[in-house]
Amino acid sequence: GGTANNASGASSSSSSMQPVDLKIMVGGLNKQIYLPNMLAKQLGYFDQEKINVTLVDEGSGQGTELEVVAGNVDAGSGAYSHPVELNALGKKIETICQFGIAPGEAEMVATSKSSSIKSAADLKGKNLGVTDIGSGTHTLTLALLGKAGYSGSEAHYVAVGAGNTFIAAIKNGTIDAGMTTEPTITRLLQSGDAKVLIDLRTPQSTRAALGGDYPFIGIFAKNDWVNSHKDVAQRLVNVYVKTLKWIKAHSAAEIADKMPADYLVPSKDLYVAALQNQLSIFGTDCRMPSAGPQTVLSIEQNYVSSFKGKNANLSETYTNQFANSAS
Amino acid sequence: MAGAAIELRSVTKRFATPKGGVYTAIRDLTMEVAPGEFCAVVGPTGCGKSTTLALISGLERASAGEVLVAGEAVRGIPQGIGYVFQSDAVFPWKTVLGNVAAGPRYHGVSNWDASKQAKEWIARVGLAGFEDRYPHQLSGGMRKRVGLAQSLINNPRILLMDEPFSALDVQTRTLMENELLSLWAASSASVVFVTHDLEEAIALADRVVVMTAGPGTVKGTFAVDLPRPRNVAEIRFQPRFVQIYEAIWSQLRDEVLVSYERQKHAAAV
Amino acid sequence: MSVRSTLPRSDVSAQGGAPPFGSVGMQDGATQGLASRTAEIAALDADLSARRAQVAQRRRLIIYALRLAFTVLWLGSWELSTRLNWVDPFFVGQPSGVVQRLWTWITEGTALGPLWLQAVVTMQEAVVGFLIGAALGVVFGILLGRIEVMAEVLSPFIKGANAIPRVVLGSLFAVMFGLSLWGKAATAVVLVFFVVFFNAFQGVREVDRNLIANARILGADNRRLTTEIIIPSAMTWILASLHISFGLAIVGAVVGELFGATAGLGQLIYNAGHTFDVNGVFAGMFVLAVLALIAEGLISALENRLVKWRPSRVSGEIPI
Amino acid sequence: MSVRSTLPRSDVSAQGGAPPFGSVGMQDGATQGLASRTAEIAALDADLSARRAQVAQRRRLIIYALRLAFTVLWLGSWELSTRLNWVDPFFVGQPSGVVQRLWTWITEGTALGPLWLQAVVTMQEAVVGFLIGAALGVVFGILLGRIEVMAEVLSPFIKGANAIPRVVLGSLFAVMFGLSLWGKAATAVVLVFFVVFFNAFQGVREVDRNLIANARILGADNRRLTTEIIIPSAMTWILASLHISFGLAIVGAVVGELFGATAGLGQLIYNAGHTFDVNGVFAGMFVLAVLALIAEGLISALENRLVKWRPSRVSGEIPI
Amino acid sequence: MAGAAIELRSVTKRFATPKGGVYTAIRDLTMEVAPGEFCAVVGPTGCGKSTTLALISGLERASAGEVLVAGEAVRGIPQGIGYVFQSDAVFPWKTVLGNVAAGPRYHGVSNWDASKQAKEWIARVGLAGFEDRYPHQLSGGMRKRVGLAQSLINNPRILLMDEPFSALDVQTRTLMENELLSLWAASSASVVFVTHDLEEAIALADRVVVMTAGPGTVKGTFAVDLPRPRNVAEIRFQPRFVQIYEAIWSQLRDEVLVSYERQKHAAAV
């Protein structure tokens, strides 16, 4: 592995680099919000930085950050809220590259209920779908209600998982509305079973709904690890910056062409359509949006009951150091 | 005279041995039991007596030859058959009462009546007071008598008995033998009675079949022309009894010796 | 042979009838004196029962003491090793923290509502799943155990199906049955069914052939044979599988809750997981374990009723 | 008594020794003529074996035909009902789609690499978990089955532990053991252990007390008693649990993969799940089922070796 | 004379009954067996003979009184004991050879030697050629003989036999009885031999103990002063034999009748 090397920067030439093995855990490798990970690999950018990467897929949607804290993997790809929450518990991990500035989720409302549910305020008293009680979708839903002026207890939260189980819950009326990601959103739109109530898949709509940028998926690692592996961290961020730039420069269809064929089921069209809808969440420079951390922290403090009364040292939860010196 | 109640025609029974070979337990056995006849089967140990009963009862199928009961080839278990097994076959999860009442209940008798009948039978085999015991709480001889009552209560037309009295003391045995004879006299059952006790065979039976050692077959058949009703305890002292005994014994002794010597010195096929 | 010749050889009639010991004469063996003997035996009875109860009591105390010792040892070393920071309580929790969390849940309720409600929800799912799964397992086990051809035809399908991860099935069930109790119960069913099925099946094949032969000879039709011979005989097998299945039913219910639920201990545990509350996770597990033990107690009571005919294990072996 | 009096009563010596049937005279029963008889029996042997092989052959054919029929019926009705849109193939998949997906996996490989590699990864985890879990289950089952006090002290802990959802344990193991094979194997272990344990335990308690008594009298020490009496006797119980456990080991491995893996059939299935590829999910399940059946075949072979002393079930009952 | 090999002092054995009561199987039984003595026990069925053997062997514990073997109170199974059980206790998963060889192997004899010894014993009980059979492939009498060989091969100092020959035909039985006597003569074993056959008891034993019906206790003890070595087949015809037989029988008959009548008409406690 690379040793601490403050001198390493964007300009480091590939000839002087030591090859390094790196394990990155991803909370759902084939989910579109995690797209830069696989894409970077497909584009060969890890190889260019002499990073011999292992992308560990994690299917349960939780635990990536724990594996990072436990030191079983070097870095993880997950939501920024985790470094914040862990910081409050004294476990220090920091985001070194922030992919996006919006969650890439949407509050979907069942078509049959769309006439009566037109805004966040109408969610009061309704059955709202979230992946799990306590999960990120739950937090976002609480935030939406909060911004609309209601306390979290004024709606019913139903854990419905993601994907097929979410669709089934919308279809059979178990939930009136619910928070989910792509490609479930597009799938629902195409089948006509649900409509988008509040879109968190673009920076603009996210700011409107949550009152600020909401940094979601990124790359995080232990602060200790980052401090002792500055060179590797830099090379890693270089990879992602290049990848984000490549994304900006290409269409959804072109991106889809780069992905493994297995990711494009049930149809490439659905994949492309879904990607198109949220392509704008991806930034270009890996930087943390300036007000983002504060937005996340205040949402946690205000709406997440387990976080109430806790605080996090935000400066320990992210760094733009590598993004700034990346090419 | 009506057709035979039980008929075995050139019956052969083979078993597979562990080494993949075949062991012939019974070979070309032919024998008949007339309706209402009491037929005893004697023979050296391991000669195939139990196997013969298993064939008649339909629990085993013959490898060759025909087994007929009441004129019909045996497929499955023939109607109206009773079988007192050589080894314990009472149901361990039923009390003595439950065990004995099983037969009538299986034949559609109400639980109440079945219990009543069963109690009578339990007393008849000398187990009154033990109705609520489970088999593992009985002595060997008691279990044997439960099995006896279990079979007899069904009033079978054909009764197969495999050494039913071998675990009983001499006196209980005599009492049970007399009981059996009077029951049999009142019914018209055909009995095949396997025993290793030649005296018992003669005392009870109309006819004694002697089986050969090794692959069992019939060595000889002897009519027992002692008058009935008989008292088992006394009949042994009649001169005719002794005469018959000696006639049969002379044949049986040969077989037993053959069997013993063969088993002792040669390997079985 | 010298030993033998030293034996006193008295005349037959001299020794007969006069046994060389005191109080118990021949009289006692005969039918007279029964009344006085009955009283004596009743006294012995009481004495014996009292002594037996005492032994059982002491035994029970020892068992409880040992259980307590084990618990103290286990929790103590856990607490100590986390306090001394040999292991990180962030990952493995801390008994004191677990107790605290339980106490909060009991006094203040959980994120999802009162604790007892979560327990009721999960237990309902587990019980329904257990009953259906066990019933199906027993029925199919007996059916396939009795009908050889059916067993051979279907066994590859059943054995294959057993290897299908319940987590995956759980999501299919959530889609099929929605978020009702049935989705979770179905997940419990597919865990319970296979365990019960294989044991019931094997139990049927293990039935003593002598007993089947005897019952058939005594006139038992197929129904009687099944209810009176096969089932009692396979009962130890079935009961053995039930001991494990209720635990599995709870597991199934919790897995089912992963794919959609409004309440339940599973959701409570997942919620704790999402908020890095390992103590909450262990507290949830603890509640599950306690519920399983209660159910287990009921199953054991059932077992004692159903197999009361067996020789008791506590007394020595009786080889008669 | 009229029936009996009609029986022909000949003189004793007249009938004795001259049985009323042909070919088989007394001579055959004696020791002479053994050579000729041996030849005759050898011929019979060959005949019998041939006939038996033929019957077995026909039986096997019927079984295969029925299995095929069942498969066709099952897949056919599934395919048909999705084609006619009675049920939505989006949720339940379609056999033809599953076959297609399998075909792609086999010919073009999966997103994670060649299919066989995924199978190897998952099977490694499952086999390791199975071996450890089964070994622990057998050892503890026998230990606790033999030592009554230990059983009573530990049983509430074990029964309680059995109710802990493996999904939750899986995530703990993933943290404890990292993302190596061991995390997945550990999840498999906790599924296999309990099933094997409870059966081994019960198997030990079911050992015929007469046999134990006999062995002890014959001089068996505790070790001999365990290896020569307890284990062979409990073997049917243990084997019955092994039949189900390998499937469970696979389930455990797949659950383990949920919490992080780079390859494996579980990952394949979760990937498919994320992308609404129900056919992919079923294709993965199918591969798991096939692997389980292969392992099951091996276990059955083991079983036949270990319990070859049992009366065969195919021939009729022998009540002797 | 050395102390008794086996001593029972006022031994009582009670069992719990299903209804929660207590059944007394043996009451106040006192008896002694000298070293090297052949002691036969007879009594009506269910009187407690098997229970007595279970007490001596240490498999059951007495409810009251003392059981001593070689002068020591019995806790666990005494050294050098052999027990031929009344019911089948051969190991079903072992072949005949494996069953018979078990004893020596348990005592540390090498597998090879154990097999050699076992083969001799198998031949001695007339089962040569059946070495590789499993118990379920044997007849009832054959299984019994496997159990016999299994016990005798250990050359026990104290041999408990519970109706060992009851499943054998008369001839095999006589052969086995003579075999037993010659084995016993060559050893210095103390034998307790339970049987329901009084003739057998007298033919074999130095002393015959008659047990009472119901809660069993010793009704009488009879020394058998017939000369040794004996031939079992011939000794029955000696006048002294008949004399002893009648003396014992007069006592035994009473008990058997009491037992039978009581069981038939009264409920046991």
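Order of writing sets the labels: A, B, C, D and E. Residues in every chain begin at 1.
Note that in this section contacts are C-beta pairs under 8 Å (C-beta built on N, C-alpha and C of every residue); 3 or more make two chains touch, one makes a residue touch a chain.
Source: prediction; values computed, not measured.
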Set of chains whose contacts include both subunit D and subunit A: C
Chains partitioned by contact, subunit B not counted: one piece
Relative to subunit E, chain with the most remote C-alpha centre: A
Chain pair, A-C or B-C, that carries the greater number of C-beta contacts: A-C
Far-end chain from subunit B, centres as C-alpha averages: A
Geometric centre distance via CA averages, subunit E-subunit D, whole Å: 43
Distance from subunit E to subunit A - Cα centre to Cα centre, in angstrom: 83
Numbers and ranges of subunit E residues touching at least 2 other chains: 18, 50, 57, 59, 83, 85-89, 95, 134, 139-140, 162, 266
Shared-contact residues (touching 2 or more other chains) in subunit A: 62-63, 66, 70, 163-164, 168
Two or more partner chains touched - positions in subunit C: 91, 171, 175, 210, 213-214, 258, 273, 311, 317-320
Of subunit C, residues touching subunit B in the complex: 210-211, 213-221, 224, 228-229, 232-233, 235, 307, 309-311, 318, 320
Subunit C partner contacts - residues on subunit A that touch it in the complex: 62-63, 66, 69-70, 85-86, 89-91, 132-135, 138, 156-161, 163-165, 167-169, 172, 174, 304-307
Subunit B to subunit E touching residues, read off their complex: 15, 17-19, 23, 42-46, 49-50, 86-88, 95, 123-124, 126-130, 132-134, 137-142, 145, 162-163, 166-173, 175, 196-198, 252-253, 256-257, 259-260, 263-268
Subunit A to subunit D touching residues, read off their complex: 23, 25, 28-31, 54-60, 62-64, 66-67, 70, 72-73, 163-164, 168, 183, 187, 260-266, 270-271
Touching residues on subunit D, where the partner in the complex is subunit A: 90-91, 108, 110-111, 171, 174-175, 178-179, 257-262, 266-267, 270-278, 280
